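Just so it is clear, A, B, C, D and E label the chains in written order, and each chain counts residues from 1 on its own.
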Amino acid sequence: MNWTETIERISGVNPRKCMKCGKCTATCPAYEEMEYHPHQFVDMLSSGRVEELMGSRGIYMCLSCFACVERCPRNVEPAALIEAVRTAVLRQQGANHMKADAVPALLEEELPQQAITSALRKYSKGG
Amino acid sequence: MKIWKLDRLQDLFAALAGERTLYIPADVAGQAKFTPWEPGMEMTKALNTNRSAKDLFFPQVEDLAAFKITGRQIQVEDNREDVEDFVIFGVRACDARSFSILDKVFLEEPADTYYKNRRDHATVMTLACSRPEATCFCTALGIDPQAPGGDVSCWVEGENLYLQANTQKGEALLEKLPAMEEGEKPQGDASVFDRLPLKDVDFSVFSEKALLHWFNSPVWEELSRSCLGCGSCTFVCPTCQCYDVKDFDTGTKVKRFRCWDSCMYSDFTMMAHGTNRPTQKERFRQRFMHKLVYYPNNHDGEIGCVGCGRCLRKCPISMNIVKVAKALKEGSV
Amino acid sequence: MQERVIEKAAQLLESGLCSRVLGWKKGEFFYDVTPGVFTTAQEVRNEMVFTPFCGANLSKYLIAESRKEGKVAAFLKPCDTYSFVQLQKEHRIRRENVYAVGVQCEGMCDLDSLTALNLTGITGAEGLGENLKVFTLYGEETLSRKDALSLRCNDCKSKKLLDCDEILGESGEEQDSHRFDQVEALEAMTAEERFAFWRRELSKCIRCNACRNVCPACSCEKCVFDNPNSGVENKAAADPFEENLFHIIRAFHVAGRCTDCGECTRVCPQHIPLHLLNRKLIKDMNQLYGTYQAGADFETKPPMLDFTQEDPEPSIITNGRDSG
Amino acid sequence: MPVNQEFKPTIVAFCCNWCSYAGADLSGTNRLQYPANVKIIRIPCSCRLNPMFVLRAFQRGADGVILCGCHPGDCHYTTGNYYARRRMTLLFSLLDYLGIEKERTRVEWVSAAEGAKFAATMNDFCQTIYNLGPNRRLEDLRCKSE
Amino acid sequence: MQRIGVFVCWCGSNIAATVDVKQVAEALGKEPGVVFSTDYQYMCSQSGQEMIQEAIREHRLTGVVICSCSPRMHEATFRKTCQKAGLNPYMVEIANIREQCSWIHKDKITATEKAVILGRAAIAKVHLNAPLTAGTSPVVKRALVIGGGIAGIQTALDIADAGFPVDIVEKKPTIGGKMTQIDKTFPTLDCAACILTPKMVDAAQNENIDIISYAQVEKVQGFVGNFSVTIRKKARYVDETKCTGCGLCTEKCPQKKIPNEFNLGLDNRRAIYIPFAQATPKVATIDPNYCTMLKTGKCGVCSKVCTAGAINYKQEDEIITREYGAIVVATGFEPISMEPFDEFAYSQSPDVVTSLELERLMNAAGPTGGTLLRPSDGAHPHTLVFVQCVGSRCDGAQKGKSYCSKICCMYTAKHAMLIREKYPDTEVYVFYIDVRTPGKNFDEFYRRAVEEYGVHYIKGMVGKVTPQDGKLKVQASDLLGGRQMHIDADMVVLAAAIEPDKSARPLATMLTASMDTNDFFTEAHPKLRPVESPTAGIFLSGACQGPKDIPETVAQAGAAASKVIGLLSKNSLTCNPCTAKPDELMCNGCSSCEKVCPYGAITYVDKPFRGPNRTTLTRRVAQVNPAVCQGCGACTVACPSGAMDLQGFSNKQILAEVDAICR
């Protein structure tokens, strides 16, 4: 499994568009919590260091506020990248955590169906 | 008179096509057309073909000669191919009459050898009409649709096809066919011909007055006004016989061919000084004057129209020889 | 409607507003109506008609008529008005010399559609409304006008009357027609099948030029096929290639200018579905460069005289579909 | 390039004077080979190509016709190739609609600096025409004799 | 029938090694119309050329085919050769048997065969060639400069110095442009006004220069050498010939609260105003949107105080139509709107300013008299943050511009340096993505800002600015330091991207000059013809063609001027004879050709023609102006009747080539 490719594909992020201005990092409200910062996510993707990123705690600190996406002058979308890295980590863990068959049992009146769908997407391997 | 069973018509075609090409009016791409017969090919249900039978003697395009150029040498090649005998079956009385009109043009000395060649090798089998179209007016021109002429005349009556040879060529053809029963054709009902709406169009007036009377008629201006100047009347007409001679440079040769032309076209008989019929009025007048006045003047009063009615059906704006003849007679539009 | 047309025409002449009227003149039969120019109200009352057989598009006559002295009144059906606008767009008609009277149209019939219903020996007909009573040498028959509609009127694109000085009846709406169905059916064939189809059709062509001469888009002073200096001049197709050539070039020359009035197919003595060539180009242009209807307005730039930087490459054709 | 003894295709390449003709020259300068079946006709701009010329080439025995012009946006006359692009798209579509093999026609944008692309394009196009075989559907038999 | 001579060149072994030149000459000698055919080692050599000339005379040749290298190489040479021998130069065709034959084929038989075919095609074409004569058109010896900024002024001065009259059309009441608003210039730090205003005065006093201020170009007709331009000179309600520029009216006008454009709205002006002290022409202008007299008919204060009697409330726009031989576009630039970048709080705090606003805040003639004060409270700022690349280098075009605005790095260094010099108690931070300083003494300048003036250059970007408690909270990244920074700033200065002036797009349409997607004018060639538009007779000066600093602008202005002078110094222009030509007898007047002509070379006239039967028909027919037509041929294909043909590449000629090749 080539994680770099997978992540590029899932996120749709093209790290080569980044001009390393750091505006994402400048704008990030969770900066202090992370060991890697938005511009570094992009840089690590382009230099093939995603597995380091996947092992980082910081990726769970991202609030998905999308400020970086909004401000990025090059439309690189670091937040989408992090989202993809998280998904990749789940897939890396191996077995499917959720199967389509299990969905009916999980349906609850209160639960938005969208949540189930996105959970299934996130917790299944193939994607 | 010989009798052939209609349900064995295909056998007759097979016999006719045995030694030569047989053309029958058949539907091709939805259009009735004289077509080389092949086993199984049926006659069209249409009264007449879309284009006239003249195509078989005077095709739309015909190679005349070629000039081969090698370096600075020019060599003339006569590519005339030997025409083989052929038979046309199912020619209606109108088209059959058109052959005699064309003959007077093409076979008069000096004869058009290309045309003559085909005429000589053809045997014409005509077919009498029993269900005319409303646009038919051959009877107004002295043609009997029930006595169609040609080398062999044919009639359909009941279950039978009756055949009668009119010429030696026709007899020779019938002799080669399998033996047939002899018999007389029962008299059919011809009353429909008396109900034809155009049966009384008067074509006799054109010989009564001087050529210039018709030429200078004030009606041409009005009649020609809506004419589009296309050639559809000319090209479906069985008696139109004008052609243009053209050269085509293939790169290695120049091929000289002739192709139908229409006096309705703006570039018809174009000369160095330009055209001598500058507006559609003159071109339009030429076509009808030719059929109604010039041709009869040159050929003992015979009108250059056979009343097939094709132009009545095909003109995009429904202008036609009947309207013209009537208007000319009345002197106004 | 016939009475209204005749009355309007007579009135326009009597009032002196127009010196000529362009309309339809009755013929020998009910169906052989000829376009004609009338100069007196009497002529109009005696000879003018507006029947279900007035299919001829009168717009092209205005090229010549509008250049003459005085004003000409023209009775135009919806599809005629599209040609009328398109010709003005090409500066071919002098609008100031034309009084355009739009006539509501319920679709036109033609002899071919009657023949297709196995009627022969048709001597006449009656009926200006929904039904048509047809007389033949062999009896009579009543049929619905709808069944006798000409091919093109079944695919009517619009009943809008454009740029008229006056309207008789009502200007309608653009129609939800299926005019591209046949084109799509052809596109779905393999290249061999299409080739066979078109060879069969185009080999019927006798180069009578009826399609060209009736076409309002083909209004050239001199057609390239009549011009010895054009390099493609020819009078008759001496080879199947020339059958193709004429129709390809013609379709191409009217591309973006053809209003899809259907006259070409109506007048073809050999019944070649020529409109399928024009419609193919219309369909392509609509799909590739945005919907465009020639003659619908005066402003929009025709697609063949326009471009965008994002236009698709020709490779979408040349490596697009399978060649079959 | 496979040599087919039987079939020697004729290929006409219309090249605009400013980009593609210069690109063809460059491929010559760099000695990049492409089949001699390709003959180039110089036109000022790709927009000079009349559909008539394409049809004429087929009539006279061409087996493939290719138009090369400046890349969109680089036209010497600023907009010519945009018109050419529309015209050729529609022409090719119409030919395809008539059942003519669409691979026989092509448009390729070749700049004055793309000698290699010119040669590669011609090699590829020739190969396509070899595979297609002779033009039968749009030929004029009169031009084929002798 | 032509008498054609064929000359096959060996080009040493370049052709002869793979093409059997003798065989080619022999084969082509047999072609119809060929009366002479030969081969030679180097046709382009002196003796080769003489051989051609001799053959022309001896064999009375009417056409010449040269089988040699690419026409791009020697077509001009051989045309000249033949012309000297009395043959029309356009009766020469080249068959390219080197680049497109001998050099790409290895097999001699194949290459020879192909060379013969290429030769035949050229012969086929020459058969149909017609002698062409290049026409001439006179040149109006006057130039128009559109835009009166430093680019326009410099161009006009240079043209005027060469002795040609030149008009400057400026849409504002005064010339001077953006440079008048700038305080100091990099990299020398001299005062902008000190170097610009003398030029403005020069322009005003130059006999050859006519400044048409407060005016706009309305319509452009004609072509290179012969433009006719309609200019609308807006009513300023002050007689320019009477106004002395004393300024009394501008002090007395009761309408005081009008945002002053010159100071970018940082202070106010009156309804009657002179934009700044050195305005040229120095005359007052009434702003009709605010003048009470013009709006209500009551007031008239200015008229009463004006001793020169220059006020004229009834003045109307004046339409001026003049002829020009050349037009220079110098419409300049403007900073983009900061609206899409609200993370920098530009709309929320007056203390966030653009760099151009900062120029005014530091200028002695500015609203603060040259003392840097915070716009919000007039306090002295201690911490300043500069943000680079605001709206420049953006992906796509949704928010900003894809290009680098080029001048920001340098002016920001200048600002930082000036502030640190004047107010040593300040901290100045510059957030940058890259610092781009190519240019003479530019990098040295930037290094001085860092090394001598202690400006904090931080690689990184500002993420957001939040106004809070009278401060601007700046959150930024320091990429090299690996930290997120939080600065409490007093002022934030945004280096806004620059874009072409809004008036450029409609002007381009009038001029039929092409533009890129960013609305910068396109040059005829990006490297070799940088100051000319592809449309002949239109020249480009300054930032209308792309972002530029002052030295570059002035250099380009001079270059444009020299091109104009080159053009105006000619009495007439020789046209390319390979132009489109309509056959009027076949023209339908449908306007198809006009719609595709990129040069506006086609017009229509109603013309009488002889009709049938001695009638006269008037028809609308196309006419091509050969001086404007560049010969692309787009019209020839758009024309449905084939009335339009291209000389030198006619339908027949191309078809003949096709035939010869496919034979």
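Note that in this section contacts are C-beta pairs under 8 Å (C-beta built on N, C-alpha and C of every residue); 3 or more make two chains touch, one makes a residue touch a chain.
What you see is a predicted model; the values in this text were computed from it and never measured.
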Chains in simultaneous contact with chain A and chain C: E
Chains touching both chain B and chain C, listed by label: D, E
Chain separated most widely from chain A, comparing mean CA positions: B
Pair with more cross-chain C-beta pairs in contact, given B-D and C-D: C-D
Chain occupying the middle, per Cα centroid: D
Chain at maximum distance from chain E, centres defined as averaged CA atoms: B
Whole-Å gap between the CA centroids of chain A and chain E: 47
Rounded Å distance between chain B and chain E, as computed from the means of their C-alpha atoms: 70
Approximate Å spacing (C-alpha centroids) for the pair chain A, chain B: 83
For chain D paired with chain E, centre-to-centre distance based on mean C-alpha positions, whole Å: 35
Chain C residues counted as touching two or more neighbouring chains: 224, 231, 238, 304-306, 309
Residue list for chain B, restricted to those that touch at least two other chains: 248, 251-252
Residues within chain E bordering two or more other chains: 596, 638, 651, 655, 659, 662-663
Interchain contacts (touch definition) - all pairs: A-E, B-C, B-D, B-E, C-D, C-E, D-E
Chain C - residues contacting chain D, complex: 186-187, 191-199, 224, 231-232, 238-242, 244-245, 248-249, 251-252, 255, 277, 280-281, 284-285, 288-289, 303-309, 311-321, 323
Residues of chain B that touch chain C when the two form their complex: 28-31, 47, 50-51, 60-61, 131-135, 192, 195-198, 222, 225-226, 228-232, 234-236, 244, 246, 248, 257, 259-262, 265-267, 312-314, 316-320, 322-323
Residue ranges of chain C touching chain E (in the complex, touch as defined): 67, 90-92, 219-224, 227, 229-231, 253-254, 257, 301-302, 304-306, 309
Of chain B, residues touching chain D in the complex: 68, 248, 250-253, 255
For the chain E and chain C complex, residues of the former touching the latter: 517, 585-592, 595-596, 604, 617-620, 638, 640-643, 651-652, 655
